[in-house]
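Below: one structure, written as structure tokens.
Per-chain residue numbering starts at 1, and chain names A, B, C and D are given in the order in which the chains are listed.
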Amino acid sequence: MQNKLLSIEEAVADYTWDGMTYCNGAALPVGSCSIAFGKEMVKQGRKNLNVICHCGSQQINLLAAVGAVDRVEVGFSGLEVYGFAAGLNRAVTSGKTRMEDYSNGAMALRFFGGAMNWPFVPATVSIHNDQQWCSADYPDEYPCNRKIPEITDPFTGKKYGAFRTIRPDVAAIHVTMADIYGNAIMLGTEWNRFEMSRASKKVVLVADQIVHTDCMRQYPNLVRIISEVVDAVVYWPYAAWPQASPGLYDSDEEHMFYMNKMMKTEADTEAYCDQWVKNWNSHEEYMALIGDEKIEKISKTATAFLMDPYRKWIRSDDEIRELQNMTKG
Amino acid sequence: MQNKLLSIEEAVADYTWDGMTYCNGAALPVGSCSIAFGKEMVKQGRKNLNVICHCGSQQINLLAAVGAVDRVEVGFSGLEVYGFAAGLNRAVTSGKTRMEDYSNGAMALRFFGGAMNWPFVPATVSIHNDQQWCSADYPDEYPCNRKIPEITDPFTGKKYGAFRTIRPDVAAIHVTMADIYGNAIMLGTEWNRFEMSRASKKVVLVADQIVHTDCMRQYPNLVRIISEVVDAVVYWPYAAWPQASPGLYDSDEEHMFYMNKMMKTEADTEAYCDQWVKNWNSHEEYMALIGDEKIEKISKTATAFLMDPYRKWIRSDDEIRELQNMTKG
Amino acid sequence: MDYTKQEFMAIITGREIKDGELIILGVGLPMLAGYFARSNHAPNLRPFTEGGVYGSSPVGGLPWGIECNRISANATSFTNAIDALGFLVLSGRADNAVIGAAQVDKYGNINTTGIWDEPPWKVGKYLPPRVRLNGSGGASDISVGCKSYLIMASHEKRRFMEKVDYISSVGFLTGGDSREKCGFVGGGPAAIISTLGILRPDPQTKEFYLEAYFPFTTIEEVKACTDWDLKISQDVKAVHEPTIEELKKLRAVDVTGSLRKED
Amino acid sequence: MDYTKQEFMAIITGREIKDGELIILGVGLPMLAGYFARSNHAPNLRPFTEGGVYGSSPVGGLPWGIECNRISANATSFTNAIDALGFLVLSGRADNAVIGAAQVDKYGNINTTGIWDEPPWKVGKYLPPRVRLNGSGGASDISVGCKSYLIMASHEKRRFMEKVDYISSVGFLTGGDSREKCGFVGGGPAAIISTLGILRPDPQTKEFYLEAYFPFTTIEEVKACTDWDLKISQDVKAVHEPTIEELKKLRAVDVTGSLRKED
């Protein structure tokens, strides 16, 4: 098996490009998300993205806030109790970002259909409502009949809809633990990460912890993302910050509100990026930015016990550095 | 939450009936399968069954051998290296059992579609071949166009097929471990047991071990069958015998061949049932029939280490007896 | 008695939830209503979230999100969206749900997507909204799949509209049998619980009428806060105040008091 | 040299498997061929089974089944059939596979379902078979999904037929562009490895011809064991005997020697 460890800079350089169809592998808005990867995309100046997110998150909020997103497909664009996604909504209302709406269930099924390489998925939702009638891709057609066209059940003659399936160029998927080959364990709900890992042409894992493959052999039923479909593994503890990673850390409530507030205007977004996105060049600096006090606070999570069975297999930073050097040159 | 423990007699009496659509929740032919449940159905004389099995197993082999199966839908009817399923094949070639063939992938998707309550599932397989052209339900039509009718992708105009989805009356699903409420962990491949548990109107779990719910709370990502969809839990160690249960026991090679050989004729099937199906009235007697030596041999499995993390939560027979008595009256 | 309108709403909504139901709950008021019901009168309630969190109760206060650690600390199962929204909701299996609404119309159709100066249905074009909201999320799935569901909304004239800007989640569409014709597996909204009262759909026309109002308001105020000509039940009555016991149980769920602040 | 025909077949099939391929393997000879290839020349081969067993190697002998504990003792992942047969095979992602056949025709169509005195296509009726086989299993999925796959079959006249009784898994159907017209994502069978030789499809007609024969047979015998008028490659050659090294590696997989017995 191939050691697939890459630095976050390498992974973004190798697996993202302007104009790509990008998928941020997240749980739900406040949950696990490959946010550090999105920040690195901002640092490397990616633009004109077509983003497909099952659900919003601070990652898509940030990418849209800096003007990197031309188009987005989404089931839910907000940040739940943390409010509407200010940066994303600014991009949408200004006309910068075209937004195509579906239900959350529809997005899940569209990933499933993409993983199957199906031409379409039967639609029993997002029909007979404005998700069907309104299309950002065909704004002059209302009611639109091209976004979710009608199909007929050949067994009963009843009418249903048909969803386009999703096959993103790349998905950056946050996982709790991965081995260096790309086998991964997620704690907490998967949301659509299982289907997304199969639907995407390339997959980059962003892992809070790197574990020995022995951990996978002890818990093979937990390994829902497999090396067979993974192209690169990035080790990045607290990769979902300021969102949560069950078993490891809670969401940073204060920073969630603050970050979203800063996304409201272009100027504040730039100020935020200067301080929180571009102001670090290593994981050590990233951690220093968050600060020891904050790290300690969010790490005292009521879900910590979920990690207990796996701790003995966690690889140390030194080990990982060595393994990472092996993939160079 | 409701304690759902039932004895195997009660579970079969309450959840099976003549003429029902029955689903045996198995892995693959040699893998985990609720075989003990099928034996109890034979004891209680169930007949005219419509059986939907993703794959064969000794359970459907036995049920068909005794003449209890009118119709079966299947992706694969054999016993892998143990050979063709002699009892099932006898029932099919004699015309007693109508057999409708699909691919294994098709069966998986049909369960998925049933779980979604979809009218149909897009078919990219089992079309343009005899699985589409031949139907046991419409034997006079060749090529048949009612079994897997044609549909058109509304996005491209290309032609595909459409599968009927599956919603069985009852699925008896073998699992490695369950709690008394019906939360369950499977070790080894799920095959279609996850989708089947959602597609079936009623679900009975047949568990090799009963564990405390604390085990589920430690490993919630392993709990793929949930109490929310389960109606009854049967505690029956070695429930898959003579097939295997990863983590607990290997298949009984000798008995696999022997049993299949006995299914070849009606007379031998009756003799087999007298000795191995009807000749016990308790789990103790069932174990005595298998015999200590055999139990010891099959329990020395190379997969035993897979059970290690969960052993401390296994409930004792005494505990379970007490819990079972609570559900009576 | 000392309680907020939101707390009142949560208790009234909770009273609508029956024991044993398989119910999908979103964050905020819906979760509060659901877990209040479970501790008050529905001990066998089976709540789950759209991410597939089963068997859990909030820890340390109301969750910030569906996936929040506060709801993940004692789950018996974590699965995924296909399972929760697909197998359990879109399939028609789930009994009940509680969803919110930025705008709701007389037939219970909900808008949570955006606010337009000129809505798409009026101009025949889909242009960017003046205000973008959240989109439908799982509410749209609930609206077509659950056997029945409850809508919670702030009772203001700009929210209780003759016709919403955008239908994110279907109610009874244009009333009568218009929903039935669509063939959805779910039965549609059972009630709208607002900050002022309880609205029910007329069995024939499916238009929502006022069944009961809260003690701190009047029928006139409710009518004034409704954009359509709200019909009033012949048996209309004031809803009983929450009991001390109910409030105590509610606050045991909302331990951080996030919904004790007046909005 | 001392080896069985089945061992020879497994080695020849193994030689067709390339390093790095994502390959789905059934029990018996296919698994033997695959794991032989991995230990011989394809160390980065990525084998999986249709139940979703990943990252494992057989322990204690060839598995009795896909789900057998012999293949489950050192897996890195267990998923399910939707994943393995759907996401990886039907999607077109898997590179290769090895499948067996009870009957195979000149266009590589396979029958593993049943034997009829009067096959359905002949009588226009679907009646019970005289002999029921296993059905298609995952082979049908492989036949439409995998980029390419290998067929293994015992070379006998009653098995290498002009037209099979029942097409369980499609090959090139009626030859030419007849498969292409069906729009399957997979490319079809790359070779038939029989107990006597290697057959390849003609690039245009898609009819299988003899490319090479095994050292213990002759072209005449191969033709005599084939029901259709088998074409012979102009460059037809005898296949080299397995090396001692190859046999050693093969037998390290088949430790119980289940395929060392002559059939």
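Assume contacts are C-beta pairs under 8 Å (C-beta built on N, C-alpha and C of every residue); 3 or more make two chains touch, one makes a residue touch a chain.
Quick caveat: nothing in here was measured; it's all calculated off a predicted structure.
A.B. asks: Using mean CA coordinates as chain centres, what's the chain B-chain C distance in Å?
C.D. replies: Averaging C-alpha atoms per chain gives centres 40 Å apart.
A.B. asks: Taking each chain's centre as the mean of its CA atoms, how far is chain C from chain D in angstrom?
C.D. replies: The separation of the two C-alpha centroids amounts to 56 Å.
A.B. asks: What whole-Å value do you get for the distance between chain B and chain D if each is reduced to the mean of its CA atoms?
C.D. replies: Here the centre of chain D sits 28 Å away from the centre of chain B.
A.B. asks: Name the residues of chain C that each touch 2 or more other chains.
C.D. replies: Only 78-79, 86, 90, 185 qualify.
A.B. asks: If you look at chain A, which of its residues touch at least two other chains?
C.D. replies: Each of 109, 116-117, 124, 158, 187-188, 190, 195, 220-221, 306 in chain A touches at least two other chains.
A.B. asks: How is the touch graph of the chains shaped: line, ring, star, complete or other?
C.D. replies: Shape of the chain contacts: other, as it matches none of the listed patterns.
A.B. asks: Pairwise, which chains touch?
C.D. replies: Pairwise, the chains that meet the contact rule are A-B, A-C, A-D, B-C, B-D.
A.B. asks: How about chain C: which of its residues touch chain A in the complex?
C.D. replies: Chain C reaches chain A through residues 27-28, 49-53, 59-60, 62-70, 72-73, 78-82, 85-86, 89-90, 109, 113, 120-121, 123-141, 144-145, 166-170, 173, 182-185, 258.
A.B. asks: Residues of chain B touching chain C in their complex?
C.D. replies: So the residues of chain B touching chain C come out as 1-2, 115-117, 179, 181, 183, 195, 198, 213, 216-217, 220-221, 223-224, 226-229.
A.B. asks: Which stretch or stretches of chain B touch chain D in the complex?
C.D. replies: Residue list for chain B touching chain D: 27-32, 54-56, 74-82, 84, 88-89, 92-95, 99, 101-109, 112, 124-131, 133-136, 138-142, 144, 158-159, 187-195, 244, 246, 250-251, 253, 256, 301-303, 306.
A.B. asks: Would you mind writing out the residues of chain D in touch with chain A in their complex?
C.D. replies: My answer: residues 22, 44, 46, 48, 54-55, 74-79, 83, 86-88, 90-93, 185.
A.B. asks: Where on chain A is chain B touching in the complex?
C.D. replies: 109, 116-122, 124, 149-156, 158, 160, 162, 164, 185-188, 190, 218-222, 305-306, 308-309
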